[in-house]
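What follows is chain A paired twice: with chain B in the first complex and chain C in the second.
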Partner chain A sequence: MTLGIDGIAKSFGATPVLHDVTLQLGDGEFLAVVGPSGCGKSTLLRIVAGLEPADRGTVRIDGVPVDHLPPKARDVAMVFQSYALYPHMSVAQNIALPLAMRDLGRVQRLPGWSWISPRTRARRHAIVGQVREAAAMLELEPLLDRRPGQLSGGQRQRVALARALVRRPRLFLLDEPLSNLDAALRAQTRNEIALLQRRLGVTTVYVTHDQVEAMTMASRIAVMFAGRVEQVGTPADIYERPASVAVAEFIGTPRINLLTARVEGDRLFVAGRPRPIAAAGIAAADLLLGVRPEALLLADPADTRALPARVSHVEYLGSEGLVHLHTDAAPAGAVARVEAARAAVLRPDQAIGLHFAPTGMHLFGAGGRRIAARFPATGDGVLAAVS
Partner chain B sequence: MKRPSTAGVGLLFAAPAMFGLFLFVIGPTLAVAVMSLTDWQLGASEIGFVGLDNYRALPGDRVFRTALANTLVYAGLVTPISVALGLGLALLIEASPLGRGFFRAAFFLPVVTTTVAMAVVWEFVLHPSLGPANLMLRALGFAPANFLGDAGSVLATLAAIGVWENAGFNMVLFLAGLKAIPRELYQAAAVDGADRAWERFWTITFPLLGPTMLFVAVIALLRSFKVFEIVAAITQGGPRRASEVLLFTIYQEGFSFFRIGHAAALTMVFLCGLLVLALFQIRLLGRRVHYA
Partner chain C sequence: MSRRPWFEALRLVLLGLAAAAFLLPLLWMLSFSIKPADEIFTGRLDLLPSSLEGLANYARAMELRPLDRYLLNGVIVCGAILVFQILFAAPCAYALAKLRFPGRSLAFGLVLFALLVPIQVTAIPIFLMASGAGLLDSYTALVAPFTASAFAVFLFRQFYRTIPDDLIHAARVDGCSELSIVWRIIVPLTLPAATAFAIFSVVAHWNDLFWPLIVIRSAEMNTPPLGVMAFRSGEAGDRYGELMAGSVIITAPLVLAFLFAQRKFIEGISLGAVKG
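Moving on, here comes the complex of A and B:
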């Protein structure tokens, strides 16, 4: 099942929320749409579901435009942020509702009709079987007779998933399904959803503001800002080749370090210290150098080629350490990710030098767009531990 | 100093409210209960204790039996129709983005107007020869009807006025109930295949209005049993006691005929009847109601 989103635009009154959004999903693909709140990602999902009309553009499922179809005719299933379970129905009835609406006629749905019509009885029987199957997949069997109000957050979330997958829709739409769960449950459910999606092979659009969810679950990610898709790519693409400062800042924890820089010929200057760069046609204007925390390497403060910095705070995390630094080149401060053993010996206010690993460096020009550049190794390499 | 117990402090705080409750509700009710056991006449200096005589006389009392039957018929008409109409109006108003405030105000108007003043209007509207209702009937080729003067139609006419009075009140309660239903449920239902108005109503709206429905039904029943002003203002229970209702009978017995003992017994029967009905209704409907 493929999904095509082509040039979708949408405004609420005078406020534009989506500008010309175009995305393509292949069969069975898991696309995460990630962005800060208010970027239009939920609206996009609701347009795909048919809950909201688009002002312009076309949604195609399997190449066929579905813009004029109501949600139920699109054969999509949606999991809402609030789960939107029917509070007056049992878990079993919640899961069965989409099947009953699809497989039973208006008269057949009347209570007690199965007593009269053997055909209705057979269909009801089939529905019960499918409900059990879906419940088994999500380990909900012991809860089938409960009401949503009697369930925990995680259980409700699984009921919402079961209700979505029970009729084997052509498309799964998930709107921030994990945002109401606590951190431990979120990590566990993340894996479960990713595994379930792979097992069922249903094309999935997953909307989230949490870049960790996007990075860990999706086969591709679309990063959205202010109603526009800024970049689409695999998690590795997005992390290793961010198209703009905004994407680079949004993806990755801790945030990427941004240092003011300038280029002269084949040399890049950060705080007056040069290093070689291979980039074509860059004006000497103000540039931003993004350096991932793991690419910020600590060096001896006596090293004159290193960027001078001062330790402001050390976070020891057991498996690694995060070193917060003051340096003139980074007005907002910088963070280096280091081995735990090295973090343990650093003290606040200690002077230190900084080198950059070429693989974690990104150059951004005017407007925050990425500038294609290579950073030849300088031979500094990873420096010896600071004593 | 000894610390006062929590229960003691609690009672102290509740005391002003309890005092009011006893003075204005429980006390008078008890007084009526005691009076119903006497033969006291308003203004009389002597009171005789008659035991349950006042109650024993009720089943044989033709006026009481007529009033009871009329009240039941009136409530039986007004309660379901005004509840259904109130729900219908609320759904229509909620569904349309246009003129919401206007329709809400228009249908609520009968609730805030004085019944006695509106009685004059109704009397004119339904006048046998001058009333617009009959002019319309005649213009359409029907025979004119004496809505309020005919023993066969007077109760139904009063019930229609009662529906007009109560539907707006029920509508406002339903509007509040509808507002409390999360929009996402309708969207989930639309994705799940329940997107026709009828399906939405039976899948989401009606079940989730359960608590509101129970409340409205109980209130509407109590309100319709308390019909009095319109009867006192227009028909005085006539013609031929065809619009005699319980509250009007109690009023006449007590304040026209001064038979306080008798009126008090009627009041107690009326009170107990309401209590039993309301309890029965809550039991019956409450079992089917879902509270979120």
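Moving on, here comes the complex of A and C:
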């Protein structure tokens, strides 16, 4: 099952929400749509589900346009942020509803009809079997007779998943399904959903504002800002070659460090200190150099080629340390990810030098777009120890 | 809130007085219904009769008028009115509360306007229509004018608006048509609203005298209040004992139904609709 989203645009009144959004999903692919709140990602999901009409553009499932079809004819399943379980029905009835609506006719759904019609009885029986199977997959069997109000958040979330996957839909849509769970449960459920999706092989669109969820679960990520898809790629693509400052800032924790920089010929200047750069014919003053926290290397403050900085705060996390720094080149401050042992000996207000590892550097020009550039190694040694 | 005993006592007394003001006529009715005719006009205020022969009032009331028939008429008419009211009002209220279509505010405005129009205003035109269609003196004439209730639409719409949109979206994705959403999701979820409305509707139409008086001619079509009124007719004389016994008989089902519905009503659905 493939999904094609082609040139979708949508406005609510005078407010444009989506501009010309185009995405392609291959069979069985898990695409995460990630972006800050209000970027239009949930609206996009609703348009794909058929809950909201698009102003322009086409949604294709298996190459066939489905724009005119209501949700039930699209054979998609959706998990909502609020779970949207039917409070007056038991867990079993909640999971069975999509099957009953699909497999039973209007008359067959009438209460008591299975007493009269053996055929309806057989279908009801089959539905019960499928419900059990879905419940088993999500370890919900002991809860089948409970009402949603009697379940914990994590359990409700699993019921919502079971209800979505019980009829083996062509397309699985998830709208921030984990945002109402606590941190520990979220990490666990993240893995479960990813495993389940791979096992079932259902093409999936997963909307989230949490870049960690997107990075860990998806085979590809679409990053959205203000109704536009800024970049689409594998998690590694997005992290290693962000298309813009916005993407670079949104993906990765701690956030990427942004330093003011300028390029003259084959040299890049940061705070007046040059280093070699191979970039095709750019000479500009207003550039931003993005450096991932792990690419910010601590050096001896006496090293004249290193960027002078001052430690403002050290976070010791056990497995690693985060060093927050003041430096003139980064008005918003900078963060370096270092070994825990290194972090342990640093003190606030300590002067320090900074070098950059070439693999974690990204140059952005006017409008925040990425500038293709290579950063030859300078051979600067990294400080072995800071006294 | 004060916990002082005198305050509690005062509260009980006030509530008791209010309850008595409402219950006393009923009690009087009960008392009259079990008194023989000569004890009713004694001028003394005895609640209980001196003998049990007053109970014969009930038997005579049943004999004088086919009260069972009137009760059945009442059940049929009130039941039919309620069923049709909910049948029409629930989808209409759902559309007004949750669907987006041009003219929705205007439609809702018309519903509000209809709330302001009393039955007395429309009675004559409806009577003429029923007369022209040859429907007078029938169940249709008793039921049809009340099947579309602006009050039900308004009440349900207010309740339906509190249902989260996600629930309706989920139902659509799960394959429900709009009507299945109404009957499978919305109405069961707002059962307290339906129960509250049912109480209003049944009480109003069970006790209604005005409309049945206009459209009913034959005795066997009488609704309970019409039937009781017949006890005061010249032919039977003013037989207060029987009249009160008849009144008790036609009030009892309503009181019982109300007590039952009230319990249901209070039970309600106390489940978190979405996340908790």
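Definition applied: the second predicted complex is superposed on the first by the 385 of 387 C-alpha atoms of A that agree within 3 Å, B and C clash if a C-alpha of one lies under 4 Å from a C-alpha of the other, contacts with A are read in each partner's own complex, and residues count from 1 in each chain.
Keep this in mind: contacts are C-beta pairs under 8 Å (C-beta built on N, C-alpha and C of every residue); 3 or more make two chains touch, one makes a residue touch a chain.
Just so we're clear, the structure is a prediction, and the values are computed from it rather than from any experiment.
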Look at where chain B and chain C land on chain A after superposing the complexes, then choose clash or fit. clash
So, does A:Asn180 touch the first partner chain B, the second partner chain C, both, or neither? second
If you stack the two complexes on chain A, which partner ends up touching A:Pro70: first (chain B), second (chain C), both, or neither? both
With the two structures laid over each other on chain A, which partner does A:Arg156 touch: chain B (first), chain C (second), both, or neither? second
For A:Ala49, select first, second, both or neither according to whether it touches chain B, chain C, the two together, or no partner. both
For A:Gly272, using the defined touch cut-off, is the partner it touches chain B, chain C, both, or neither? Pick first, second, both or neither. neither
Of all the chain A residues, which ones make contact with chain B and with chain C? 46, 49-51, 70-72, 76-78, 80, 82, 84-88, 97-98, 101-102, 147, 149, 163
Once bound in the complex, which stretches of chain B touch chain A? 182, 184-185, 187-195, 199, 203-204, 207-208, 210, 290, 292
Once bound in the complex, which stretches of chain C touch chain A? 164, 166-167, 169-177, 180, 184-185, 188-189, 191, 269-276
Quick check: in the complex, which residue numbers of chain A touch chain C? 46, 49-51, 70-72, 76-78, 80-88, 97-98, 101-102, 147-149, 153, 156, 163, 180
Can you check the complex and tell me which residues of chain A touch chain B? 46, 49-51, 70-72, 76-78, 80, 82, 84-89, 97-98, 101-102, 147, 149, 163
